[in-house]
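A, B, C, D, E, F, G, H, I, J, K and L label the chains in the order they appear, each numbered from 1.
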Amino acid sequence: MKDHVYKLIELTGTSPLSIEDAVTNAIKRANRSVKRLCWFEVVETRGNIDKGKVQHWQVTIKVGFAIDD
Amino acid sequence: MKDHVYKLIELTGTSPLSIEDAVTNAIKRANRSVKRLCWFEVVETRGNIDKGKVQHWQVTIKVGFAIDD
Amino acid sequence: MKDHVYKLIELTGTSPLSIEDAVTNAIKRANRSVKRLCWFEVVETRGNIDKGKVQHWQVTIKVGFAIDD
Amino acid sequence: MKDHVYKLIELTGTSPLSIEDAVTNAIKRANRSVKRLCWFEVVETRGNIDKGKVQHWQVTIKVGFAIDD
Amino acid sequence: MKDHVYKLIELTGTSPLSIEDAVTNAIKRANRSVKRLCWFEVVETRGNIDKGKVQHWQVTIKVGFAIDD
Amino acid sequence: MKDHVYKLIELTGTSPLSIEDAVTNAIKRANRSVKRLCWFEVVETRGNIDKGKVQHWQVTIKVGFAIDD
Amino acid sequence: MKDHVYKLIELTGTSPLSIEDAVTNAIKRANRSVKRLCWFEVVETRGNIDKGKVQHWQVTIKVGFAIDD
Amino acid sequence: MKDHVYKLIELTGTSPLSIEDAVTNAIKRANRSVKRLCWFEVVETRGNIDKGKVQHWQVTIKVGFAIDD
Amino acid sequence: MKDHVYKLIELTGTSPLSIEDAVTNAIKRANRSVKRLCWFEVVETRGNIDKGKVQHWQVTIKVGFAIDD
Amino acid sequence: MKDHVYKLIELTGTSPLSIEDAVTNAIKRANRSVKRLCWFEVVETRGNIDKGKVQHWQVTIKVGFAIDD
Amino acid sequence: MKDHVYKLIELTGTSPLSIEDAVTNAIKRANRSVKRLCWFEVVETRGNIDKGKVQHWQVTIKVGFAIDD
Amino acid sequence: MKDHVYKLIELTGTSPLSIEDAVTNAIKRANRSVKRLCWFEVVETRGNIDKGKVQHWQVTIKVGFAIDD
C-alpha cells in the first residue's frame, strides 16, 4: 500500500456572515487551484469592526491535500 | 461548605452543519453516560473535506462534571 | 503620516445562540464605552451546561481600538 | 522487565484555603476510584471571587496511574 | 434572560508570604475600583530574590467582572 | 448519515527500545479495554535514565475512539 | 514594607521605522494617561505591506505600572 | 556576501514503519519538486489505528529551502 | 461586497544588519513572485554566530496576500 | 551605565510541604554555588503520589543571576 | 527524608540514524561531565538535509540530574 | 563523520539602544567563557521603563555551542 504525502497550505477566508462561512469561502477558493483537498484545521479567528459591528469574520485555516504523484 | 471535585473528559463531536452543532452533539452524547455536566471548553476545530466541501466539522472539547460523592 | 497607537481590551461575551452572537454581544457592549473599535481576535471559546444542554456560549475576545489623541 | 502503561485523567480540585489543598482534594477523590496513583501535573490555576474575596481555588491537574494488567 | 458581558483585566499582585497571598492582594486592590469581580486565572508566577531568599512572590492574574449595564 | 462522537483518552506508554515501541505498547493496552480505536497524537516524549543510559522511553499520547451508540 | 500591585495593559504601537520605534510610540502614548510605568513585554510583532514594502511595524506590548494607592 | 531567503513549506509524510520513515517520505517527495532543501522541523506526530494497531505514522514537518534568485 | 481570501506563506529572511533588514529582505523577495502582499507576522527570530559575533539575523515571517480571482 | 548580562538556569526543587517550599529549596541550593541571584519564574508544577497522598511537590523554576564581570 | 534539588540542562544531540540515536548521543555526552542523570524530555526535533536526504537528526532535550551536594 | 552534541544556555542581554544590541551584548559575554558559539534563538523581549522611556531592552536568548570532546 502506498504511503501518502500531504501538503498543508494556510489560508484566511473572510465573510460578513459567520465563522463557518469564512472557512467555506477559503476552501472553495483552494479547491479552484488544488485538487484532492482532505482536511482543514482552524488556526485563528479574528475580524474587523466598522461602526461598532463585525464587518468581516477572518478565519485562518490550514488545508491539507494529497501530493502523491 | 463542600469542596467540589470535577472530572474533565475530552470529546470530538462532528456535524455537517456548524461548529455549534458539533459541540452540541458531543455534549448530548456525554449526557447519556455522565450526569451533572457543568461546562466545556473548545480545544480544537477541524474538519474533513470531500469534493471541495466541508463534509463534517470536527470540534474537540473538554467537558467538566462534578464527581463529588 | 501619523503613527497610530491602539489599545487592546479583553472581553467575554455570552449568548445562548452561537459563538458569533456571543462575540457580537461583547463588541456591542464595548462600542458603548469606546469609540473607534477596529478589530478583534477570539482568545477562548467555552460554555456552561445545564441539564445536558449548552446554556451559554462564553467567547473571550481581544478588541483593539485607536487611542491616538 | 515489564513495560508499564499509565493513564492520565484530568481533574479540577477546589478549596477555600490554598492551591495545595485544592490539589490534595482532587487526588483524595481520585484515590477512591483508582488505585496506584503515581504522579500529577498542575494544568491550570483559577478561582471564583465572591464579595471581593477568593471563595474557592480551582486547580486543574492531570493525574497518572498504572494500568498494566 | 440577559446575556452578560465580562471584562478581564490583568494584574500582578506581590507578597513576601505566598502565591495565594499575592493573588489575594491583587484581588483586594481590584475590588477597590471595580465591583462585581467574578473569577480569576493565574497567568504567571515569578519572584525577585534578595540575598539568596525570595523577597516577593509576583503573581500575574486575569480578573473577570461583569460590565452588563 | 450519522454524526460520530469520539472520546480521547491520554496514555503514557513505555519501552526500553524506541518511541514507536512505547506508543505501540500504549495502544495495545488501550485496545484491550476499548474497541474501535481510530487515531492517536503524540503529546510528550520523555524518558528515565539509569547509569547514563535511557532505561525507558515514556511517550504520552492521546487516543481517539468512536463512542457513537 | 508595602506589597505593590501592578496593572498590565496591552497596546499596539506602530512606526514606519523600526520595532523599537513602534514600542517607543506605544509607551510614549501610555505615559500620557498613566503614571509610574515600570516595564513592558513584547507580545507580537506584525506589520502591513504596501507596494512590496513594510509600511508600518505593528508591535503589541504589555505595559505594567504600579496601582498601589 | 549574499543574504539568503528561505521558504518553509508544511508537509505530512506517512509510513507504516516509523516516525523517521514518515519524515523521509515527505522529504523525498518535496525533493522532486523543490531543489536546495536545507532543513526540517517536526511539527506534529500522529497516526491512524486499525484493528488495534498503528496503521500509519503521520508526521507533519516544515521544510526550508533557499529561494535566492 | 466581495469576501477576500488570503494565502499565507512562511519565509526566513536573513541579514547581517538587523531584524528589520532580515524581514525587509524576505518581503522584497516575496514581492518578486507574488503581487498584492498585505501583511506579515514575525514567527521566530534566530541567528548564526561566527567567531563570537552575530553573522546573520534569521527572521521567519508569515506573509499574507490576496488570492481572490 | 553598564549593560548587565544575566544567565538563567533551570532547577526543580522538591518539598513535602508546599509549592513555595519547593521553590525556596531550589533557590537555597542555587545560592550555594551562584552569587547575585536576582529573580525566578515558575515553569512547571508537578508532584509524585504515594498511597494516595502527595509525597513531594516538584516545582521547576528558571533562576536569573548577573554574570557581568 | 531529604528534599532533592535537580538541575536541568538543554542539549542538542545529532545522529544520521534516528531520533533515538540522537537523544542517546546527547545523554552519553552529558554523562561524561555530570553524574546522577535522572530523566530527559524531548523539546524539539529538527534535522538538516543534504541532496534531498536527512543528513542528521537534531534532537534537543532537557536532561535533569540531582545536585543535592 | 562525527555526531556533534551542542549545549544551549539561556542569557538575558540588556541595552539602552536596541534589541539587536541587547542580543549582541549577551553573545559577547558568552563568548568570554564559552568557545565555539554556533547559533542563538530569541526567547523573550522585555524592557524596563523609567520616566516614561525605555531604559533598557532586555532580550532573553538561547545560545548553542558545540561540546563534542
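Please note the rule applied: a residue touches a chain if its C-beta (ideal position, glycine included) is under 8 Å from a C-beta of that chain, and two chains touch if they have at least 3 such contacts.
Bear in mind the structure is a predicted one, so any value in this text is a computation, not a measurement.
Q: Out of curiosity, which chains are bumping into both chain F and chain K?
A: The shared contacts of chain F and chain K, listed by label, come to H.
Q: Tell me, please, which chain's centre (mean of its C-alpha atoms) is farthest from the centre of chain F?
A: Of all chains, G has its centre farthest from that of chain F.
Q: If you fit chain C onto chain H using the CA atoms, what's the rotation angle, as a multiple of 5 degrees?
A: 120
Q: By residue number, over half of the contact pairs should agree; on that basis which option among B-D, D-E or F-K is the same interface as J-L?
A: B-D
Q: Can you compute the centre-to-centre distance for chain E and chain J, using the mean CA position of each chain? Integer Å is fine.
A: 23
Q: Just curious, how far off is chain G from chain F if you go by their C-alpha centres, in Å?
A: Roughly 44 Å, centre to centre.
Q: Could you give the separation in Å between the centres of chain A and chain D, each centre being the mean of its C-alpha atoms?
A: 38
Q: Residues of chain K touching 2+ other chains?
A: 9-10, 18-19
Q: If each protein chain is taken as a node and each touching pair as an edge, is the resulting graph a line, ring, star, complete or other?
A: other
Q: Which pairs of chains touch each other in this structure?
A: Final set of chain pairs in contact is A-B, A-C, A-H, A-I, B-C, B-D, B-F, C-E, C-G, D-E, D-F, D-J, E-G, E-J, F-H, F-K, G-I, G-L, H-I, H-K, I-L, J-K, J-L, K-L.
Q: What part of chain I is in contact with chain H in the complex they form?
A: 9-16, 22, 25-26, 29, 56, 60
Q: Help me check something: in the complex, which residues belonging to chain H touch chain K?
A: Going through chain H, the ones touching chain K are 18-20, 23-24, 27-28, 30-31, 37-42, 63.
Q: Any idea which chain K residues touch chain J in the complex?
A: Touching chain J: residues 1, 3-10, 62, 64, 67-69 of chain K.
Q: Of all residues in chain D, which touch chain E in the complex?
A: That would be residues 18-19, 44-49, 52-54, 57 of chain D.
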